[in-house]
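Chains here go by letter, A, B, C, D, E and F, matching the order in which they are written, and residues are numbered from 1 within each.
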Amino acid sequence: MNLKKTCERIKSLEIQGATNVAVEAVKALASEIISSKAKNVDNLFKEIYSAKEKLFATRPTEPMMRNFLNFVIFNLENGKYGEIKAIKDAAKTISDEVFKMKEDAKNQIKKIGAKIINDHKIIYTHCHSSTVTGIIKEAAKNKKIEVYNTETRPLFQGRITAKELAKANIPVTHFIDSAAKFALKKADIMLIGADAITPTGVYNKIGSNLFAEIAAKYDVPVYICAVSWKFDPETLFGHEEIIEIRDSKEVWDKPPKGVKIMNNAFEKVDLDLITGIISEFGVYPPNSFCGEIKKSYPWMFVRE
Amino acid sequence: MNLKKTCERIKSLEIQGATNVAVEAVKALASEIISSKAKNVDNLFKEIYSAKEKLFATRPTEPMMRNFLNFVIFNLENGKYGEIKAIKDAAKTISDEVFKMKEDAKNQIKKIGAKIINDHKIIYTHCHSSTVTGIIKEAAKNKKIEVYNTETRPLFQGRITAKELAKANIPVTHFIDSAAKFALKKADIMLIGADAITPTGVYNKIGSNLFAEIAAKYDVPVYICAVSWKFDPETLFGHEEIIEIRDSKEVWDKPPKGVKIMNNAFEKVDLDLITGIISEFGVYPPNSFCGEIKKSYPWMFVRE
Amino acid sequence: MNLKKTCERIKSLEIQGATNVAVEAVKALASEIISSKAKNVDNLFKEIYSAKEKLFATRPTEPMMRNFLNFVIFNLENGKYGEIKAIKDAAKTISDEVFKMKEDAKNQIKKIGAKIINDHKIIYTHCHSSTVTGIIKEAAKNKKIEVYNTETRPLFQGRITAKELAKANIPVTHFIDSAAKFALKKADIMLIGADAITPTGVYNKIGSNLFAEIAAKYDVPVYICAVSWKFDPETLFGHEEIIEIRDSKEVWDKPPKGVKIMNNAFEKVDLDLITGIISEFGVYPPNSFCGEIKKSYPWMFVRE
Amino acid sequence: MNLKKTCERIKSLEIQGATNVAVEAVKALASEIISSKAKNVDNLFKEIYSAKEKLFATRPTEPMMRNFLNFVIFNLENGKYGEIKAIKDAAKTISDEVFKMKEDAKNQIKKIGAKIINDHKIIYTHCHSSTVTGIIKEAAKNKKIEVYNTETRPLFQGRITAKELAKANIPVTHFIDSAAKFALKKADIMLIGADAITPTGVYNKIGSNLFAEIAAKYDVPVYICAVSWKFDPETLFGHEEIIEIRDSKEVWDKPPKGVKIMNNAFEKVDLDLITGIISEFGVYPPNSFCGEIKKSYPWMFVRE
Amino acid sequence: MNLKKTCERIKSLEIQGATNVAVEAVKALASEIISSKAKNVDNLFKEIYSAKEKLFATRPTEPMMRNFLNFVIFNLENGKYGEIKAIKDAAKTISDEVFKMKEDAKNQIKKIGAKIINDHKIIYTHCHSSTVTGIIKEAAKNKKIEVYNTETRPLFQGRITAKELAKANIPVTHFIDSAAKFALKKADIMLIGADAITPTGVYNKIGSNLFAEIAAKYDVPVYICAVSWKFDPETLFGHEEIIEIRDSKEVWDKPPKGVKIMNNAFEKVDLDLITGIISEFGVYPPNSFCGEIKKSYPWMFVRE
Amino acid sequence: MNLKKTCERIKSLEIQGATNVAVEAVKALASEIISSKAKNVDNLFKEIYSAKEKLFATRPTEPMMRNFLNFVIFNLENGKYGEIKAIKDAAKTISDEVFKMKEDAKNQIKKIGAKIINDHKIIYTHCHSSTVTGIIKEAAKNKKIEVYNTETRPLFQGRITAKELAKANIPVTHFIDSAAKFALKKADIMLIGADAITPTGVYNKIGSNLFAEIAAKYDVPVYICAVSWKFDPETLFGHEEIIEIRDSKEVWDKPPKGVKIMNNAFEKVDLDLITGIISEFGVYPPNSFCGEIKKSYPWMFVRE
C-alpha cells in the first residue's frame, strides 16, 4: 500500500482501531522504504522522517501508531546497516518484529488477565475492547463466568461486546449506560481497554471515568487491559491528549434548531481509580507502569 | 368515558403520564357514580369502592391516581350528602375541585421554582418532566438561562425536553447519559421531576440517582419538582415502590441469543442527595416534606 | 413487687433490657400507689413523684422507662380523679394501657418491617434486637430470606440473634465484627435496634455507626427498628446520652498490668446514615421522627 | 429615634448586627406609630405598612428585622384594638414583648447549648457570634473547656471571639483560616452562629461551609446556635438569600491594576453538614427546624 | 531436620509464622542437598527442584518461604560451582546468607520505623506483627509513646501485642474490633504488618482494610511494616492471593444447626489507603515498592 | 563570601528562599575550598566535611541546599583529582555546573508546565512560587489564560503572585483563603510549588493540603511544580520533615493574654491528592517521582 493512500485511508476512518492504524502505518512506511529511489543513506533517512511526519499528521492522538513507527525508525537508525540495501532489508525484518511483538503481547495479556479472573465471577465492561474480550474468552475456557456490560452510546459498541461474548457462550446481561450502578453493584471486577495511557491517567471511551468512580465506591477493582504500546511518551513532557469531539449526528441525527450536541467521545480515567494495568509486562499499579516501560522500551523515550 | 374502557386504556398505556392517568381515573369514577342505578346510598358506595379497586389494579405504582381517587371518595364519605342525588352532584363538584387543585399547584410550583433560578444560571435536567420545563420556561421570561440535559436512554425523553425548551428560545446543550459529569461540572442547579415521593426517597427515571450523586460531589443543589400528590402514603407503612422492569425491546430490538437485557426504568434517589422538594407547598427539605402533607392533606393518610 | 426491691434489681442488672426495665418500673410504681397509706391526694402525688425519682435514679439512660413512668403519671395528673380511691384504680388501668400500647406497637412494627423486606433478600443485622428478629421472622413466613450477622463482641449478642433465627429455619451466615464489609457487600438491607433515639442520632451497640457507614458506602439502606418510646425527649433540651463504659472484664478477664481496656458499649449512629426509623407510626426519615412523636405523644414533652 | 434617621443609620452600617438592626427597627416603628397624626385606624395602618416597607428596604437580607416587624404588625392587626389610642398603647406593649422574647430566647439557648458541651471539651468556632460565646461562657462556669478558633479574614472577627473568651478566662488557641484542619482535627464540637436560616441551608460567614465539611469528615458534630427569628420564611417560597459581595478594600486596600478582588462575605452551609440547630425551641435536626417554627410562630408564615 | 518431616510440620501448623516457615524450609532444603547421594550435578539439581516443589506445596500462600527458597536455588544455579562438593558447601553458605539478610532487614526496618514515630505519638496497630512491635519498642527507647490496639478476633492476637508492649513498659489501651473508630480518632499513625505484598495491594489480617479506611478518613497515615521478602512476584503475572477461609471453630465452637460461619482470615488493603511501606529499602509509597525490589532482587522475578 | 558569614546570614533569614539558600551555601563552600590552607588532600576533605556540617546546621529543613552541597562533594570525591590544586579548580567548575543545572531545570519546567495549560484555562494557585509563576507567564505568551489565587495568610504571599502576574497582563481574581471553594469551583487546574518533596507527600505552605482536597472533590487536577532537587532523600530512611512553627506575631501582633497563636507554616499534601509532579524530568505521578530521581541522581542516595 503506498504512503499517500494509507494516509488518506487513515484520515477518512476507512482504517480504524488503534492496532489497525498502527499496523497499516508501519506497512506503508516499510513499503515506502523498500521502493525508495534514494541514492544515499542520508537521503533515505530524510524520506523516512518525512513519511513519519505524514503518518503522524493523520490523527491527533494515536500513541500506538507513533510508537510502532518510532520503534522501526529507532532500530533502523541504531542498526548501523551502512548501506541502502541493508536498510531496505531491515525495514521488512523490523516491521515483522513489531507485528510479532504485538501478537505476543496480546497473548501474554490474555493469559495474565484470565488468571486474575477467579471462578464464578461477574465481570463488568464498557464499550468494546478486543483485549478485554480476549481475556474474558480465555478465562471462560475453564471458569464459569458471567459478563455485565453497558451499551455505550452513541455508537453502541457495547452491543459488539455482548454479541462477541454471547457467541462464545458466555452469559451476558446488558444495561443502558445510566443503569451502570445496577451492573456494578453485583460485579466482582471491572475490565476496560485504553485509547491512550499517560503518566497521570488513562484515556478511554466516555463513561469510563464515571463508571470507575462507582466501581471504586463499591470496592470493585478496576483493571485497564492494554498493550504497553498504548503509552504516549509525549505526555511525560507536558503534552495533554486531546479529547476528540465527534460529529453530533452520532448522537442525534437531526436535532431541532437551538439544541447544541456535545459529543466528547473519551474521558480521562484518574489513576487513583485504577487498581492495575494488565499489559504484556504483567499487572502493575498505574503509577509505576511508566517506569516499567522506560526500562523495557528505552527507544520510546528518545527526544530529539 | 366508561369505567371498563378507561381501565383498559390505562393498562394498555393508551393513557400515559401520572397526571393523565389520574385525571382519566377520576373522570371514569365520576361517570360511574353519575350513571349508577343503585337504589340506596350503601349500594352506591359499594359500587364506588368496587370502581376504585378496578382503577387501582390498572397500575402497580401510580400514587397520583390513588391520591386523586381517595380524595374524591373521602370527600363523598365525609360530605354527609345523605341522598343519592346529592352524592351524584357532589361527584361532579369534587372531581372538578381536584382538577382545579392540580392546576393551581402546577402554577404555584412554576412561580416558586422560577424564583429559585437566579440570573445567568445553567440548569441541568434529565428525562422529561412538564413540571421542570414549566419552571424553566417561567424563569426564562425575565432571566437569561441555559439548559444542559441528557438524552435519557432508552426512550430519549431528553429529546422531548430539548425540543420543548429550544422552541421556547432557551439555549439547550444536549449530552449522552454517560457524559453527565461534563454537563454537571458546569451546571448551577439540577432540577428533576418525580414518579413517586416516599418518606425515604424519590423514585424517578433511571440515572436520576447516579446523576444526583455527581451533583452532590460538585456541590450542585438538586431539586425535585413535583405536585405533592406524587407522595405515596402507603410507603409510610412499609410498602416499597416496585421498580418497573420494562420491555427489553426498548433497549435493543433484536439482541443476540444469550444476551439478557435489564431494562429497569426507574431508580430511587436517596433523600440526602436532594436539596429540596419544590411543590405547591413551597420549598421543603425532603425529610420534612411528608410532615407538611400530613398537615394539609389528612385524607391522604386515612387507613381502613 | 415492692419499689425498693425493684430499684435494687434494676440497679444490679437482675432486670435487663429496655422493655423489661420499663415494665417492672411501672409495676413497682402502680403497686406503690395501690398500697399507699396517703391520707390525701396531695400526699399521694408526693409519694408518686418520690417513687419516680427513685426509679429514674436506677439507670443513667433508660428513655423507655422514663417515658412509661411519665405516661402513667401524666394521665393520673390530668385524669382529675379527685379521690384517692379513683387514683388507685386508675393506676392499675393506666399501667395496663401502657403495656398494651407497647404490645400493639411491637405488632405494628413487625408488620411494617416485614413489608419492607422484599423476596430473596439478604438482611444484615448486628447485636440482638427482639424488634429486628420479630420483623425478620414475620417476613420469613411468606418470603425466602437470609440473614448475615456479626458476632458483637464482647458479649456475643450476635449469637443470640443467630440462634433465634436459625431455630426459626432462617438461614444465617455469621461473621466476626471486623469482617463486616464482607457481610454488607452482599446485603440488601441493614436492620438494627436502638437503645435511645434522639433528635440528632440513634444510640445503639458499639459497631453500629461503623457498620452503618459501610452500608451507606455500598448503598445498603439502614433502618432503625424500635418502638417510639425509645425517644428521649430530654435530648431535645441539650441533654446528651451518656455512653456507658462497661466493666473491662467483659473484654479481657485478666489483662496484663499496663494494659487499659476501653469498653464503651454504645455509639451514636449519625442521622444521615439512617434511611428510616420503623416504629409503630410507620417508616419515617430520622429527621422527622421527633415531629411525629410530638404530635402523637404530647405528654412526652411536658417540662416542669 | 425617628424613622428616617433609623433607616439612614441602618443603611450606613452605623447600626450593625442582626439583633441591633431588628431592635432599632422595631423602636423606630413604635415611635412612628406613637407619634402618628393619623385620624383613623385605616390611615394609621397605611402609615404602619409604609414604615415597614422603608425599614425592609434598608437591607437586602435581614430576616430577623423582618420577623420582628412582622410580629409587631401581625399582633396589632389581630389585636382588634379598634381605636387609635389602643393601637398606640399596644405598639409599645408588643415592642416590649418582642424584646423580651428575644432575651428569653438567648437565655434559653445559653442553657441548652451549655448542656450539650460536656466536660474537658475542645470547642471550635469561626467568626464571632454572641450566641456562641454566650453558650461557651455559660458552659465554662462549671466545666473545664477550651476553645480553638480561626481568625476570619478579612475583618478578623475571630479576634473579637478570642478576646471575649480569653477575658472570661477560657483558654483560646487561635489559627489562621487555612489551618482549620489542624484546629478541627482535635476539636470535639463545632459551634457557629447564623445570618439566616432557610429550609435548605444556613447562611453564615464565608468559610463556614468549608470548615463544616472538614468537621463532617472528622466526625466532629456541627451545631448552629441561633434564635429561631433568624429563619427567613420567604425562602420557603423560592426566595434565595443574596450573598453580599462586600467592598474589596476590606481584603486588599490598594490592589495593583488588573487584580480583581472577590469579597463574598457569606456562604451557605449545607443542611447535611449540620448536626443540629440549637434555638430557644431546643436542639432540632436542621430538616425539622422549619416545622417547629411553623407550629410556634404561625404569624411568620402569613403571606398576603 | 529432614524434608518430609519439615513438610509435615509446616502443613500441620506446628511451624507457624511467615518467617519461621521460610527459615525451616531453607534448612530442610539445605539438609536435603548436603545429605544427597546424587552422583552428578544434573541429578542433584533434579532433587533440589523436587524438594522445592514439595515445600511449596505445604502452603497455598507463603511468599516469604518461596522467595527464600528461590534465592538459595537461584544462587546455586548461577554460582557455577561445577562439582557436587562445591554445591553442597554453597548450600550452607547461601542459607546462612539468607538468614543474615533477614536479620539485617529486620534491624534496618526497626531503625527506619522508629525514626518515623515522633515524640508523644499515639500509635494504632491491629493483630500482632513482630516487625511492628520491634519498631515500637525501638522508638520507645527515647520517645514517649503510647499504643492503641484492637483485640483481633477470632484468635485475639491483639492480646499478644498488648502483652508484649506492656511488658516493655509502653502504655497500651485495648479496644474491641468494632470500636476501632474510637481508637483511630485519637491516633497519630497506624502501623500494621503484611502477610503478602502484591503490586495492587497488601494482604493482612481481616479488619486491616476496614481500619485503614477509617484511618484515611481521619487523615491518620497508614504504614505497612514488612521485610521486602513478603512481596509475591507471582502476583505480577496475574496470580491472585487466595484468602484463607479458616476453621469455623475458631469463631464459634459449637454453633447451632443452620448457622454458617464465615471465617475469612485475611483481607486485601487497597494501595491508595497505604501511605508507605517501611521495608529494609526505606519508606516507599506502595506503588513504587515493586520497582525497588526489581532493582535489588532480580532473582525474584526470574520466570521459567 | 566567607563561610561563617554565610551561615549567619542564612540563620538570620537575611538569605531566604530554598534556591537562594542553596546557591549561597555552594558559593560559601567553594570559596572555603579555594581559600583553604590544607596541606594534603585528606585534610582538605576534612575541612570540606566540616563546612558541610556547618551549612547543614543553619536550617532544619532545606533539602535543596543539602542536595546542592552533596552534589558538589560527591563529584569532588569521585573525580579522583589527586592533588589539592585540581580539587580547588574542580570546586569552581562543579559549583558552576550545579547552578547551570538548576537554570536548565527551571527552563525545562517552564516549557513542560506551559504545555499542560491548554487555551482559555483558569489556573488556581496558592502562596507564591516562582516556578508556578514562570509556567503561567510562559503559557500566557500564546494562550488566553486567567488566574484565581488566594491571599495566603499570614504573610500574604498571594499578593506577590497577584502583583507579578497582573504586571505580566494576566487577569487575576484574588480571594481570601476561606473562600477557596469559590475559586476552585471554577478553576480548570491547580498549580502549586513545593518546599520539600518526600516519598509519601509534598510539604508546602499551610492551606495547600486543604485546597488540594477541594480540588480533588471538584475533579480539578493538582500539579506540583518544582525542580527535582526539592526531593529530600533522608525521608526515604524514616526522617520526617519538621513543620516549622513560626513566630505568632506574623498572625497577630499583640494578642490578648490567654490567647495562644498556632502558626504552623506548612502542611503535607497527601500523594493521592496530587495528579503529577512537573519537574525537569517531565510530568510524573507522585508515586514514581522518587524512582526517576534515583535513576538520574544516584549521588543523592549515597548514605555513609
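As a working rule, contacts are C-beta pairs under 8 Å (C-beta built on N, C-alpha and C of every residue); 3 or more make two chains touch, one makes a residue touch a chain.
Worth saying up front: this structure is predicted, and the values here are computed from it rather than measured.
Asks: Hey, what chains does chain C share as contacts with chain F?
Replies: Chains that touch both chain C and chain F, as defined above, are A, B, D, E.
Asks: Both chain A and chain E are touched by which chains?
Replies: Neighbours common to chain A and chain E are C, F.
Asks: For the sequence-identical pair chain A and chain C, what is the superposition rotation angle on Cα atoms, to the nearest 5 degrees?
Replies: To bring chain A onto chain C, one rotates by 180 degrees.
Asks: List the interface residue numbers of chain A and of chain F, divide the shared ones by all numbers used, and answer same when the ratio is over half, different when under half.
Replies: Different-residue interface.
Asks: Counting C-beta pairs in contact, does D-F beat B-D or the other way around?
Replies: D-F
Asks: Please identify which of A-F, A-C or D-F repeats the interface of A-E; the criterion is that more than half of the contact pairs agree.
Replies: It is A-F that repeats the A-E interface.
Asks: So how far apart, in whole Å, are chain B and chain C when each is placed at the average of its C-alpha atoms?
Replies: 38
Asks: Chain A to chain B: how many Å between their CA centres?
Replies: Result: the chain centres lie 45 Å from each other.
Asks: Hey, how far is the Cα centre of chain B from the one of chain F, in Å?
Replies: 59
Asks: Quick one: which residues in chain A touch 2 or more of the other chains?
Replies: Those would be 181, 219, 272, 285-288, 291.
Asks: Please give all chain pairs that are in touch with each other.
Replies: A-B, A-C, A-E, A-F, B-C, B-D, B-F, C-D, C-E, D-E, D-F, E-F
Asks: If you look only at chain B, which of its residues touch chain D in the complex?
Replies: Per the stated touch rule, the residues are 111-116, 118, 219, 221, 272, 275-276, 278, 282-288, 291-292.
Asks: Which of the residues in chain D come into contact with chain B in the complex?
Replies: 199-201, 235-240, 270-272, 285-288, 290-291
Asks: How about chain E: which of its residues touch chain C in the complex?
Replies: 150-154, 159, 162-163, 166-167, 169-183, 206-207, 209-211, 214, 251-252, 255-264, 267
Asks: State the interface residues of chain D toward chain E in the complex, per the touch definition above.
Replies: Going by the criterion above, the answer is residues 181, 185, 217-219.
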